[in-house]
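Note sheet for the following structure.
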């Protein structure tokens, strides 16, 4: 394809992306180019359209207009599973697990497609060594070994959040979107969790939405600021922090305090 | 080094024993129950087991509430009986033993056809489409007499083709063993299905269809394929039914049949694999035997459903599993006395209630044949106040004692559960 | 054979849509078992064992098995041609596969003509009159009614209804070619809640007469809709007197609803006494007269064969002539269809002449015309295969 | 106003609160802090009558333990649950409507106050609440509780998922509530905000209160902070 | 013209009957999400209760009392059974109502016997409400009540006069259906009950802590739905037949109405009832078949085709199953239903 050559190198590109619900336009021509391997945090006021953006990229909604490219290929308008098969996966702001399956089964479900088992009903799960190994390995990484056979619905909140991340990265996608992964966690857990996210996303392109500035600055190489459906700024953390428009639209004085507090 | 847990061997000892027992029970059952009726009932149980298990693929494993499963068993039956008739005329070169497969393929074919539209949706729309489909197919069955044989249905003769090692399928017992073999194979195959990637994804679709789409699977495709597989097994059950009865009439695609699968699968327990097996057996017992025992069978059936759904929504299978868990933790010891008490008082209560019900029914339906009726060896007289008082007395005593027993049981049960939780915590900590 | 007990398995619905009819019939069988046990030519005792088949062919086959286990050799059934077909088929196979344990099937009410024509069977004996016979009788009356000019056929869309429609057209074309069939409709069984559109259509067609094989609520609702919709034509029916229908018909339809059957409610004589006795005992009406045919035929045949063995009794029953409540009847040898007189009666107010009022409606079915056996007799295409 | 004595709470057989004592005065903001799973939310639910518990809960001198949740709500306690619990199929306006008691007469708050507080909600008032952004949902639950005109409002993690600027805003509004004489029991994770607006701070650990005092005292108490709040 | 008018009236009134039957179901379904399989049983109970009460105190009091009785029974059922299984989800809820329908049927048969009971409308409602007189010369006219016999007979043989009475029972039925529409509509829009229940379905605790007595509201709504069914029962039972099979015959059609209209949409259910009523009524009048269609297009399919049951099937023969066809098509192409706003 001729157009792909010009966009090479970017894992994810949004070109003049727009989305309206009824009359209200929520995403108003968002532009973003994320290089492969980059970790990007998206911040912005409530209702700016961050989750909506994720929904558009991951195929939950189709955009009204504009383009989304994954590794140079257009993915806008595809079904979620098609997008996932091309190497993009996402987590949810509210945990969205297979509640009546155990931790292990959850993770194993997550790895099946990428290992090529698809709709197989002629193979035993137990015989799929690669899938089982990968699920075990993930479980170990998430420190959920002890909860192996616990049903997802019986996990604690933090464990569910961990499993949510695990399920997201299980398929080995190269581009991972995380929607407020640490929401509702205490500070100590958050710290632990950031480390976990760093560990499991090594070498991947990562986009996260976060309101916790500690997390944002701890995790991201670059920050995109989304305000009213537009990308207001997209730069390194320091540059964004210094940007007076961002200060005004989003950060307020809390940030200053937090910085004073040592973060 | 962490322990690798997935050392699941399909044929470990426990499993071999269970399956061996299952095979053994099916092999010796007709030797223990030898009458004509029990032979045909055992055959029907095998068929019902396959049908209910295939239904549970949709309900229990895929979360798809279908009101039209009989469409697939039924159409399987029709195609199988037509095939049998062709076979009799020598137009179809296959042995009778393979006819159920023909039914299965037919069931699968119609599942491919209808499932394409029904599985587009899940939840209530799915349930309603299946309801509509079932009504349509049933209405057609009376209108298109060419294929459905009108009201009289299509009959056939299973003694056809060359006998195979002297097996003609004339005697019921030979048909029974054919059904038993099919049942065993189908149950094993359906169990195996739950252990495959597709089977697991089906569970995932049931739990959270939305998320499935974000891990690479098309929920619709998962449902569709599962629906087709369920249709195949349903068709086998239908084909076996055609061989067993040698006649297929419109009732096999009727709403009553579909409702029966739903109710009894649920009663057996949709959350466990073996639940529908119990359900299938109960279905045959309820329809064939219960109505012979008592005129109030519909009332009893309705009440059993009410109470089961209210107090044991997981079905009989979940009751069994709960007690197995208690037993596994060595807590059954502390419960068995209260179980005895509970059972005993429940019997008293039931006897009182059933006697009243029987008397009421007798008053309406059989009073002209004399005011006396026999119930559990006792002779009751609907015209005498004594009988009524006796029954009320038994009933009230039963209720009182039962309540006492129930309280003590709930207490013991609670304690057993606490002990189990503690034990689990301890093991986890270890 | 004297003093022997003959068990008859009664396989019919006791629950469901047809439950009330079944309940009435099982009482009829038990009532007349008592009557015949007091005296019958063979001196046998009859015992009726009821099985609830829920109107399902599959359940009926189960019941058949259960009956066989209890050593029953005589089966009776009547509601639903689907069940009858299943039983004929199953009994035929059973008798072929189990020589020495033969079973006879006594059909009390299933009227599909096929059973004594293309599907006729040696072990099957029918004591009702089939659809074609009833239509022969009916048309015999109709052909003499000059005011019948335009006929409408409204029937349930299943074999019984389809046959009523088919034979009506065939026979009328023969007897009254001038009569016009101005419309024909088949509607699904027990699915129609509102018959007003059908009545509008019938009115629009200008029909003065409707022939319908409908039963149960399909008949009652049809007549109600006709009354309300101001339709004044006449209805020729099969099942106006069956449980539930008299109540539902009520006062409506007086003088306009005819029924053709092998009995009616005002037969008088012994039958009249029985009906009254039945009514006082069960608070219900006796209308399944074939029950009496069955007991008479069985005991006559057993006396003749000097045995209760079904093989001998079947042979004795072939061509058996006996006297029953509606006169001289004959079990025709060629197809095992009982040849018997039929009656046309009309729904009207009960009066001193015709006092019997079913379901205490104040109405009755008053006889209009009697048809001798030969009138209603229809030819058969049966090629009976006899054993041996 | 509210006084809790020796409160024990249970989820089925598991014992979660082990003798909690606390009291809240009129017009006071009390922050309830603690780690995940320490039992803060359970305390809130216990007050609202949503879990099985024993002990004493007195509200304006009246014992309310064992009462039904709707009765307690009618006595003037408002509750903002932690997982938001907005009604997804209803519109924003309808959500607020459900917050009202009766027809909403005599309430200190009306729709206009709410929409004035969070203009964002006014913009979205006819949208189904289920599609609101996380932060908008948080605003909505807070307003919904206020619509019932409570004298005490229990807020479980109101700032979760809110942008820093809005977090500050919420802090301002809580102070405004206080100024109107409404008491607030604030369950929080974010120390910064909690400490800046509360009159008193309580720290909870393993189902009982392990620290009580002013925010300054807590700031000074490194041990409590280390042992019960961080790490 | 006269045929069209009377058919239209028939269609409308049948549609309104369907609405009468399904309004209670819509109420329960839209508010509580419960697919109440016992709805038809409450309908039957209403008819029988109406019969007994009217024997004692007359038809008009029965019209009020019987629905109340049924409503109370419905509330009791909600209180004692449905509430227990609510937490297990929709399938058990459905099954519990399924079980109830068996029990109700048996109890009705025990109390009132197994055959029809003579439940007739009061004298005021017997006979026609008005009569359409189609005069081939004077055109179409309307006469209130029954038309005098003289009017329906033409003195002149060349003039054709047809009188089509429209039964008063049907008129009354239409009236009550409209009343129900208004009542339910008011309940849904003028009170917060609808909102409370919708919210309580997913978040019962949150609703309770806002001060709403959720269990009581559930009980009342279920009772109201049952009472509506009971009212329909009194009218349906007296207009048609009151017999144990009456529940089974309306059982599935009311689901069709509710689903086609759109899950939980009252106006949808109304529209669907009318549509189904009218379509079905007119379909009965059509004798066309596929074969006829082929012939009219100039094709002669050959002798085999004229015995092919699919080709010879007429529209009027399939009329009664059209609703199911309608259901399937609607769900495929517009799963929200005609006016529904959500799926499932």
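Each chain carries a letter (A, B, C, D and E) given by its place in the written order, and its residues are counted from 1.
FYI, a contact is a pair of C-beta atoms (placed from the backbone, for glycine too) under 8 Å apart; a residue touches a chain by one contact, two chains touch by 3 or more.
Fair warning: this is a prediction, and the values are worked out from it, not measured in the lab.
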Neighbour overlap between subunit C and subunit E returns B
Between A-D and B-E, name the chain pair that shares the greater number of C-beta pairs in contact. B-E
List the centre-to-centre spacing of subunit B and subunit C in whole Å, with centres computed as mean CA coordinates. 37
Just give me the whole-number Å value for how far the CA centre of subunit B lies from that of subunit D. 50
Just curious, how far off is subunit E from subunit A if you go by their C-alpha centres, in Å? 51
Junction residues of subunit B - those touching two or more other chains: 139, 143, 145, 298
Interface hub residues of subunit E, defined as touching at least two other chains: 317, 320-321
Multi-chain contacts in subunit C, i.e. residues touching at least two other chains, fall at 23, 157, 188, 191
Show me, using the given definition of touch, all chain pairs that touch one another. A-B, A-D, B-C, B-D, B-E, C-E, D-E
Hey, which residues of subunit E end up touching subunit B in the complex? 35, 81, 84-85, 88, 90-92, 94-96, 98-103, 105-107, 109-110, 113, 252, 255-256, 259, 263, 308-310, 313, 317-318, 320-321, 324-325, 327-328, 331-332, 335, 343-344
Which bits of subunit C are touching subunit B when the two form their complex? 14-15, 23, 27, 30, 51-52, 54, 56-59, 61-62, 65-66, 68-69, 80-82, 84-86, 89-90, 93, 97, 112, 114, 119, 157-160, 162, 188-189, 191, 281-282
In their complex, what parts of subunit D are in touch with subunit E? 45, 48, 50, 68-70, 72-74, 79, 81, 85, 87-90, 94-95, 97-99, 101, 144-145, 148
For subunit D, which residues are in contact with subunit A within the complex? 35-37, 82-83, 120, 124, 127, 131-136, 138-139, 157, 160-168, 189, 191-193, 229-231
Can you tell me which positions in subunit E touch subunit C when the two form their complex? 3, 6-7, 10-11, 13-14, 17, 114-118, 120, 128, 131, 162-165, 167, 169-170, 240-241, 243-246, 248-250, 253, 280-282, 284-285, 287, 316-317, 319-321
